[in-house]
Each structure stands twice: as C-alpha cells, then as structure tokens.
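Single-structure report; data block below.
Labels A, B, C, D and E are assigned to the chains in the order they are written; within every chain, residues are numbered from 1.
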Amino acid sequence: MRKLKQLPGVGLLKGMLVTGRNFFGSYRNPRRLVTVSYPEQRLLLPESSRNFPFLVYDGNDSVEGLRCVACKTCERECPSGAIRIVQARDENGRPAKHPERFEIGIDACMGCQICAEVCPFDAIKMDSDYEHAATGRTRPMVHNKLRLAKSNTYYHRIKPREAAEVDARLEMERFRKEEARRKREEAARMKKEAAAKAAAAKPEAPENS
Amino acid sequence: MTTMGTTDESLRQDLARRGVHVTSLESLYNWGRAHSLWPLQFGLACCAIEMIAATMARHDLARFGAEVFRPSPRQADLMIVAGTVTKKMAPMVVRLYNQMANPKYVIAMGACAISGGPFREGYNVLRGIDRYLPVDLYIPGCPPRPEALLHGVIRLQELIRGEKLSGPGRSRAADPAVPGEYPIPNYGPAGLRPPFNPDLWQPPSDPDAAPDDGSDAVTPRETTA
Amino acid sequence: MAVTIPSDAAPPPGRTSLAFPARRPGLTLAAAAGVLVVGTTLLVLLLDRKAPGILTGAVVEALAHPATAPLILKAGVLGWLAEGWGLGEPWLGLASISLSLFTIVAVFMGLFALTSIVERKVLARIQNRYGPNRAGLWGLLQPVADGIKMLTKEDIVPAGGDRWMHLLAPVMLAVPAFLVLALLPYGPGMTVVELGVGILFFFALGASAEVAVFMAGWSSNNKYSLLGAMRAIAQMISYEMPLLLAALAVVMLAGTLSPTLMVEAQAGHAFGFVPQWFVFTPWGLVGFVLFFIAALAESNRSPFDLPEGESELVAGHMTEYSGFRYAVFFLAEYIGLFGICGFAVALFLGGWHAPLPVLDFIPGYLWFFLKLYGLVLLAIWIRGTMPRVRIDQLLAFSWLFLIPTGFCVLAGAALWHFTGGGWLGWLVVTPVVTAPYFLLLPRLQSAEANALRTYRFSEE
Amino acid sequence: MTDPDRLLSLLEAGLPGSAGRVRRWTNPGPSGQDALLVDPDAALEVALFLRDHPELQLDYCSNVTGVDWLPREVTESVTTTETVGGETKEVTKKVTRTEPGYLEAVYHLYSVALRHGPVILRLRAAGREAPAPLPSLTPVWRSAEFQEREIFDLYGISFSGHPDLRRLLLWDEFEGHPMRKDYVAPDEDGLPAIETAAAKGEANR
Amino acid sequence: MNLTRAAPWPAGTAPFADPGETELLELSLGPQHPSTHGVFRMNALLDGETVVRLQPVFGYLHRNHEQLAERMSYLASMPFTDRLDYFCSLTNNWAYALTVEKLAGLEVPERAEYLRVILAELTRLQNHTVFLGFLLGDMGAWGSVLMYGFRQRDAVLDLFEALTGSRMMCDYLRFGGCRCDLPPGWAAAARLVVDSYPGFLDEMEQLLTENEILRARTMGIGGVEAKRLVNAGVSGPLLRAAGLSHDLRKVDRYGIYDRFSFRIPLGEKGDVYDRLMIRLLEMRESLNILDSALRDLPEGPVINPQAKLRNFRPPAGEAYGRIESPKGELGFYLISDQSPQPYRYRVRPPSLINLTLLEEMCVGAKIADVMVILGSIDIVLGEVDR
C-alpha cells in the first residue's frame, strides 16, 4: 500500500476526460458511435444466425416439395415441445411419408436448433428472420405447414454456405442412392439375364443328363 | 358509426396525399403518447438482458423517445414483461400493472412471457402473462433479438397512433368499461388462485384447432410453377 | 420517528382518480383547444382597438438596439397601454411586472424544454449513441411529445396517502423555483424585481424547497418516498451552509445584498483583457467551485441525487407521483437548477459582462444565458460520468470539508479586501483558501482508502 | 488422499467405533467418484472430523443436494436349503421383493487448503414420508444453509439443527415437494397436458 | 472460531430496537427493484439508513430447471443450461458437457478443447465487462459505463453469433466436443476483438480505478475474511479478492488449462473495490489465455466420433463436475440409471451460494451499500433460482 500520489479530485477529472472524449468521439469516430438506426439500417446477420425453424422445400410447390417425411424425430427431440406433427395417410389409410400437419409454436420455441441438428433429411432449418411481433397469440404464434415452408432458394439466400453444403450432401446421397438403385437394377438385370440364360440353357440340361 | 369513422379516415388520407394535413386533437394526442413511451424498468429473466441491450448504444431505444426507463410504475407507460413469469412472481407483476397510471400498455417479450415457453411444464411457471394482464403485443423469440424488440416498439407506436378515443373500438384507456386494474392472484397450495382471470383469458375449447383471432392472415400455399 | 405503514412495501392498490380526467383525455384536449382559440381571438380584438403604432415603433427600435431590446419592447407595450388604454399608475406597475414575469416564465419554460432534450442527447452522445431523434426534426419535438403524454396521463394519489399534501407538494416546489428567476440580473436594468436583499430572498426560497420535498415524501405513504424525503432534508440543510458562505464572501466584497449590484461590481477588465469577475480571484475561484458543488447538491443533481436515489430508493420522494404532477417535479428541478446556476453566474462569473472587451457587441442578456447554459451543460457532463455518493459521505463532505472551506473563503475575501488585491492579495489569499483542500480533504477518508492498492498475482 | 478406504481408516483412527456407521458406497460409473455412506446419527461428528483433520481439511462444502429414490422392485436369486422328502438340497429361487424408497442428502466436499476432493457424503433418511429427518450440516459448513433449505423445500427432508429451516424457492403455502419423483402438479386450468415427448417422459424412446 | 450464523430473524421483531430512541424500518427491496439484478428480494431492517438485519428471499425466478431436465434427454438439457446464467451460456454448456463426459467417460478432441477454452475466456471477458457496468449502475452512475460495457460486449456476442447462431443462448457444446467447426474468418475476427480489448480496459481503468467517489463507495465495504468465505462455500472472484488463490482452472486443471500460462490476481481486503479490481485484472489474464489459444489452435475434428447425438445413454453411476465460471464454481451433479434421462440432475449455482454471506456483508452498512455489495457479488437470478 502506498500513498496515493495524486491530488484529490484528479480521479474525477480523469473520468470526465474519458466521457468527454466519448462525447466528441461519437461525432467524429464511427467506431465510437455504434448505433444502428434499426428500421432503416440493419445489422448484417452472420450466416449461422438463427431464430425460428422453417421447412425447406425443393422445386416450386411448397407442399409437394417438402423434404420432411414426418419421421417425428424433431418432435421427440424438441426440448421445449414446440413442434407438433401429424403424419399424413394415403387413401388406403397407411402412413404416408409426408406431414399432414406440421406446426411450430413460436410462442414456445427457444430456437435451440436441435430440431435442425437431429433431422436426418435436412428438412428443417433455422431461419434468421426476427420480426414476428404480433397482437394476437394464437394464429400468429403457431406457424403451420404453409407458413413454415420456404423454398430452397430462400435457404440459399439466407445461408449460402450451409445450403450449398446441404445441397452437395443431398446430391451425394441421391447419387449414392441412384448408384445403389442402378447397381441393384443391374444386379437384378444380370440375375434376370442369368436366369433367362439359365432358362434358355435349361432345355439343354435334360439332354445333358 | 364505424362507417363514419372509416370515411373520415379515408378522407384524411386522401387529403394527406394532396398535401393537406388535417391534425385533429386525437392524432396529436396519439402522436405524443407514441413518441414518449417510457417503459417500466423491470426485467424478469434472460429477455431482460436483450431488453437492456436494446437500450444500449448499438440499438438505442432512445431514438424512439423510449429510453426513460422508470423504476417506479407510477411514471411508466409501457410494461415490457421480459422473461419467465413464475407463479411466485405473477402477483407482483399484476400489482405493478395495477400501479401504473393509465394509459398503459403491455408487451409480452419472449416465449416465457407469452406462454411459459420452454419452461411451461414446470410447477412454478405461469403459462403466459395474458392470463392475468391484457397484453397488447407479443414478441416471440427466446430471447428476441434487440431488433425484434425495436420492431415491437415500432409496431406498438403504430397501434397507439391508430387508437380511437371515443366510439366503438376506442382504446382501452379511453373506455370506462375497461378496468384500470385487475385482481391480483393469491398463492395457493399448488399454484395461483384463481389460475387465470376469466375476463381476459379462457382455455381454448379445442386445442387442436388453431383459433382464428383475425390478427394475422395465414400465408397461402406457395407455388411458382 | 413513528412510521405506521403497512408492512408490504408496495402500497395497496386502491387509488383516487383526481379531477384531471385522464380517462377522457379527448375531452380535456378539446377544452384546452377551446380556451386557446377564444383567448387568441380576444387578444387580436384587443390589439385591434387602437392603432398599435407605438408597438411597431418599439419593435423597430428594438431591432436597432439589440443590447437593450427587451427593455425597449417592454417600454413600448407599457406606453401603448398607458396611451391607448389610459392605464393609471397602480395598474401600469402591475402590467410591467406581469409582462416581465410572463417573458421570464416563457423563456425558462422554453429553456426547460430545450434542456430536457439537450440533456438526453448529450448523455446519449457521451454514451456513444444518438438519443431521441424521431419526434420532429432531430427529435426536437420530443419535449412536446413528453409534455402531451404527461399532461394526459392518469393522476394517482396513493391510498392511505395524505391527499392534499400530495397535491400541494409539487406546487410548493415549483413556485419558489420560479420566484428565484425574478431575482436574476439578466442584463443591465433587466432584473424583474430589483430587491435590495435579493440574496437573502434567494436563500429563503431555497429553504422552502425542503418543505416541499418532505411533503412529497411524507404524503406518499411509501417507505422509499419517506427515506428519500429524509435524505433530502439532511442534504439540503447541509448544503445550504456552504452555498451561503460562498455567497457571503461576494456580499462582503461587493458590499451589497443585491445581485444586480454584485454583477456591476464585476465590471471592467484588468490589463484590458482579464475580466474582473470574482472567479478570477483566488477566493472567488474556490468560492465558485464551492458554490457550484453545493448548487448541484441543492438541486439534487448527480452525483448528489440521493433523494431520488434510483439505484436504492426507486425514485425517492417522487416514487408515487405520476402524470402531470411528476412533470411539475421535473420542471421544478430544472427551474431550480437554472435559478441556482443563474446565481452562480451573477455572483462569480460576471453576470452579463462579456469576457473580452471586443465581445461587448453581443447583448448582455445573451452572455448571461450563455454562461448559465454552460454551467447546465457542465452539470449534464458530470451526470454522465460520476457515481452517486453515499449519504454519510455526502454529509461528511459538507460539514467536514465544504463548510470549513467556506469559512476560509470568507477569510480569504476579507484578506483580499484588506490587501487590496494585486500580487500581494494572491500571495496571501491563495494559501488561506486552498488550505482545506490540502489539509482537510485527504482526512475525509481513512488512510487506507487514500492509498493505492497493489495486487498480488499467484501462478498456482 | 480422497480414496474412501484411506478415509475410512483415518476415521476409524480418529473416531473409534465409526466403522459400523460409515460405509463405502461404490460408484458403478466411469467417473470413479465413490462416496461415504454415513449413518445420520454420526453425521455431525464425522463432518466435523473431516473438516478439522489436518490431513484432510475438507473445509469447502461445494454441493449439497437431495435425491429421491423411489421404492423399486428387486429381483434376486436366493439360495435356501430345503428338505424335500427327507433329502436336503439347495434350491435357488428368484425372489422379487420391494426395496423401500428413501430420501438421500449428498454432500460434495473439497479442500481448498490442500486442493483435493471430492469426498462425497451420503446421508439416508429412513423413508420418504415427511418429515424425513436428517441432521443438518450447516453448523459445520455454512454453505449448506441455502442448499439444505432448498432440499427441505423441494424434497421434504427436514434438517434438524438447521438455523432457519423454511422453504427457499416456493412460497410457504405450497403443499408438497415438487422435486420428488412422484410429484404431479395438479391441472389447474383444465387444459390438456401439453403433448410433448418430454412431458410424457418418453424422450428418445 | 464460530463460523455459524446468528439466530434466525424472528418475524416481525426488531432485535436491536431501542423503543426509547428510534423505530426500525422494515423495507422490502424487490422483487421489482432497479438494482436487485432481476427478481431478487431482500427484506431489510433499517435503523435510519443503516442496515440492522437483511434477509434474502429467493424463488421469484424458480423455473424448475432441474425437474424439467430429469424428464428430458441429456441433449435436450443443453439449451436449458444456456438459460441458467444467461450471461455465460458457454461456460454453463461446458460445465454440463464436462460432467456428462465424466459420467460417460468420453474423450474430447484437442481442437474442441481449444475452442472451449477460447469461448469460455471470451465469456469471462464479456461477463466481467457487463459486471463493471452494472456495479456502476448500482452506485448510481448514469449508465455510461454500462453502455461502454455493452458496446464491448456486443463485439464478443457477434463472435458468438457467428459461431453458434445466437447472441446469448449459444447451445454450442456437445458431449465429446463442439457442435460445429469455426466458420471461415472467425479466428481472425476473434483476434481483432481480443486486440481491441486492452484499449477498452485502459479506458475503463482511467474512468474507474482512481475515481474518488467510486473509491469512497467501494473501499472497506462488504469485506469478509477468507476463512469464513470458504466455509460459506463462496467461490470465484469473491474468494480471490479476499486473498485466497483458488481458481479451478489451476486447482482442477480441467480441459487443457494446464497448457496456458496465466496468473491469478489476488486482493487483500476482499471488499467491493478489490472485487472490482480482481475482475479487471482477470480480464487481462483472460486476454493472455486467448492470445495463446488463438495462436495454438490445432486442426482436427471438433467432436468425438463415438459421441452419440440421439439415444444417448450413459452407463449407470454418478458424477460431479465443476468448472470456474465467471461467477464462481459452477458444478453439475448427475446420476444416471442408464435411461436416456438423468435420474438426478443438479446444478450447483455459484450465484446462490455466493449469497450465503450477504447478510454478514451488509449488516452495519448503509442501505446504498447493500446495492453495491449485491452488485459486487455478481449474481444472475436465472442461476440463483434456477
């Protein structure tokens, strides 16, 4: 502990110097004046910025093109229980691979992106739109399937890097599937051919035996 | 009455387009209140930090004349319920609302204040402050970004500027039938008594059907083909 | 002290709605507009009654002589009243005073509106943001918006509070604050009420503010208000002493109790450029700092805003005030600040005198307001920087440092008088008035608090 | 230093007769944090010993918490000797019995002075019925004060010797102890329970 | 030495009342009050302005975090930990992830460990920055320091948002690593923020450390000797301000903290001024850690490939893990019964336990000091009440 060397009051003056510097600095130095005039100017959100989820659809139709297959993984994993999915049924009453209803209550959603993380089909992604203030609580706060569906183009616009990765991955998967299907078909064809060959050869067999 | 009001409004808009500004006392009054929304300095949880962030240098709520956060409810015009309202806290929130002077507005900021949010299954969490208070604006998010709060405040300003002072559809503050204060719930053995204020909120009869309160249209099916 | 307040801090929710019909603001506004229209019509009719040649003449004259423009205009109106209306002496005197009062009130109300927005903007800039800028051009209509809102807000008297005291307190605070303005010497011959004992009257009015604040705190039936009110009493009593002592030094040297004469005593420039304001003497400088610190405390400005004490007492004595009466409190605080800063200008900063002879062409009343506003800006700057002091530190600061300093200033002024100023005066007076700063101030805190601390670092 | 066997031997040396009242509880998981199961009657004594022993100096009680163990069905093989028809033979039977539930208070102790830990103390109340009494360790470690109040509030263990045992988080009129595993919050507003996986307890299943 | 407390405060009585002279005033501060940092309540008994007794009342933000977590999968609790101490979501994440990793015996890849250190130190920086502002606010300064603090904090939050997607509720760590890798340019942006910090700290020191009013308000206020603090479970900067070198980053050396060289600043008196200064000095040390962590950040995977995202069932057992969060020792205690939900999920909240000695710090001080002392403890109600 040593004696304070300076005169009393100097500390206060130093403080006033700092605030004074900030006062004048805010007129000259843009790094000091950090205000973003919100409705006119907006902060550029980083690509990973997230708020509420949306459903991605490919192609042009927001219902037919949905990637979601109603597997309900996100519904199970959602920590705040904000997702509700009703699986569609086809005319025979069998479960179909698309959702009849898909609702996200943004009045409960906490934007944790676990749904997007666990989705095996890259169908649900995080939107960065934040202007959702509304006067009502029920209709505006429950986003239904139509409202949730946003095109892949939109996804590319808000998150170009991520969307490109996802597209590449999906393309790869599709390619693999296609390859697998082709191989399967090839195999089936080979088998068929073999069988046909065998069948063709069959009549000869009894002759041999 | 309603048709008269709308004619009036359209006439005024028409005049405004031609450069004639008809300033009635009503719009002056609404303009004044819209630009002088002093919020109650009152934060409950995480959302309060984003509310504070909205008043800070980067977002600067003060630009809208709303930076005068008053710690005393008597001088506040706007209650931003920012954060989880627990059952233990709910009576105080209602009391604070009652202590505010008319005209007063309530913003439910964040998932918890709207519906209890991710915590709504807990035994001590109120599932939405609208069970006890009339909420003017809901801002979803967990927490909403500061910009979302600014957006909400701008929307509230628009609402205030569109308020009527007389006739049907007049604002809450101008309607003598609307009480200025609401009953304060009591602590019960497992929750609050009563669990909600039936004048303000009723449990939805059919929770499956999303009720239509007409406040926002549903987005139509998008097809570009 | 007997406090019989329900144990719950928040008052019971009952309330009394008062005459001001906040629930029907439209009606109120319509009535106000009606009064305005009728009043304007009457005024126009009155002006029309006689050809206002005298008035036009006065305006032309005033434009030609800006330094005395207010006086010329006033004389014109009075002349018009006397000639056109044949007003006699008692009435003419009344008209003269009313005119001055009206002008002063109008000017200071405008200044209040301006300051409320300037303060918010300056603080915003200190904090690196814009501040209010949406209501009107650059947000200049912000005070109008605030005013409209405050005027139309519901007015609440807390249940269990003392209703009439609650109603009267803001008025009691505002009236003395405005009365102070009548004593200020705005320019040569421009004091509204030329009172021989102006300083005494000023301190008497200042003392009445304490009563008003305590009324507000007591009548609110709220513990925070009560604590705030008690703080206010202690603070204002403690800080009136240094205020008085600093003023007394000026009284001694100027040899008068009239603010106008004090300003006149500071006329002229030494060596042709150093203004002979009291602040440029050693005792005057210390006295001015003393006066300004005490003025901040008297007008409850940061860092002495303890009665309001937002971080611990919510809003202190104003906690229960809403709407219009809260606005009156607000107004009274600012008017009080203007008044006390005006006195600081008159006593130490040379009143209406220009700092340099070459600047004499600018009218004196403008100089006065410039200096006054400079002090107000300084107060705002201080508010943007400093934390609040604690109540015991506040009182100790006054009784153990400011008041002894005040006596030293008094002694310094006496010595200055006997040495006749000059280099001898400087030599003698300077040690006397700065002694408390070196001797007393370091002892206000313990040695421990005065020491710089060093901190150890552990690698483990 | 915090090896339970070493602790037990120190305890036996310092507090003769503690062998029967303090046992080792082995943690089956990979964290390897074993605990001492302390008889409630001996808890205060043991705690003081652990805090003041120069070799231990467990001066820092970091965490205090309650655990509610529900009654559970235990199936175990019991071998008995039976005499069937004059012949004595060993018979192994599967017996299902219900192990009674109990409430438990767990203390995590560290030493700030000697930088070791954690030493875990477990105190078991006799049953789950309120008031499930346990001795309070607040007189030994002040940090237990709020945490024991919280356990009292949420689990219903009443700590004897606690200076100020009131509900910490909930209000006084509240009935029941909501952190117990069988607590069901009453449905207040007639709303159907929220249909979420989490509420139904079937996350990830 | 008697470390236990005095007798409880009997309801409605005034223990030191002298009926002949003064009447004591019972004042309820909160739950809505400008400087209780949220919905915290203190019942104070005042003799004039002097505090005679003071009792904290909790639970106004009790949102049943622990009960909800016991009904959820391990992963689903991660976003809830963000909301405990809502200033420091990443350190909360880390404490939880660390405990689950102990419980399940999971390894963390090296790059993820570095990322955790970087994010934890950034969190510490922004927490302490905001702390300064709120403390000055409690002293009645008109928001300037808070604004400067938030200006600087926003720079850190921008980094968090660019990496994790959210400003406050990051939900970034996963058991066995981190959720995703750095976006391009992140490290350079972080370097810029780190480089801008010393200038900010200099300015704050110029504004604060010599300010006479601040010194008068903080020196000799709220000090309690280290031994009592330890007994009361107080941790973090409070303990270090009292002169005890206890920092879990050094004591437990969790993560990879043993690879960084940093010092622990220690105070002497443990009063509010020391607490403020310790935090200022800690920020400088954090900058050193960040500097070397950003420099040495290795390449590699950010998550252990063995870690399962869904259907995560740790083996039966229990674990207690703790880290040095900006507020103090943040611990998690988990019991697993091999089901997807933890059988017992417990948070050891530093904010709550640091309040144990609040009354002792406040008795005898003025009512205005109570706010400053409370501010210097640096609580967050989300963590106090959970």
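Just so it is clear, a residue touches a chain if its C-beta (ideal position, glycine included) is under 8 Å from a C-beta of that chain, and two chains touch if they have at least 3 such contacts.
Note that this is a predicted model, so its numbers are computed, not measured.
Nearest to the global CA centroid, when each chain is reduced to the mean of its CA atoms, is chain E.
Distance from subunit C peaks, on a Cα-centroid basis, for D. Averaged Cα coordinates give subunit B a centre that lies 38 Å from the centre of subunit C.
Mean C-alpha positions place subunit B and subunit D at a centre distance of 47 Å.
Computed from the mean C-alpha positions, the centre of subunit A lies at a distance of 60 Å from the centre of subunit C.
Computed from the mean C-alpha positions, the centre of subunit A lies at a distance of 30 Å from the centre of subunit B. Within subunit D, the positions touching two or more other chains are listed as 169-171, 178, 194, 196, 198-199, 203-204. In subunit C, the residues that reach two or more other chains under the touch definition are 126-130, 310, 314, 384-386, 448, 453. In subunit B, the residues touching two or more other chains are 56-58, 60, 63, 71, 88, 92, 118, 120-121, 123-124, 142, 145, 204. Residues of subunit B touching subunit E in their complex: 41-46, 48-50, 52-53, 56-58, 71, 83-84, 86, 88-89, 92, 96, 112, 118-119, 121-125, 142-143, 145. For subunit C in complex with subunit B, the residues that touch the partner chain are 10-11, 13, 15, 22-26, 29-30, 33, 120, 124, 127-135, 139, 141-142, 144-150, 152-156, 310, 314-315, 318-323, 326. Those residues of subunit B lying in contact with subunit C across their complex are 25-26, 28-29, 31-36, 56-58, 60, 62-65, 67, 70-72, 74-75, 77, 92, 95, 98-99, 101-103, 165-166, 173-174, 176, 180-181, 184. On the side of subunit A, the complex with subunit B involves touching residues 33-39, 42-43, 51-52, 59-63, 79-82, 103, 105-111, 130-142, 144, 146-147, 149, 151. By the touch rule above, subunit E contacts subunit D in their complex via residues 3-5, 7-9, 58-59, 62, 64, 66-68, 71-73, 76, 102-105, 228, 230-234, 244, 246, 251, 310-312, 314-320, 322, 329, 331, 333, 335-336, 340-341, 343-344, 346, 348, 352-353, 355-357, 385.
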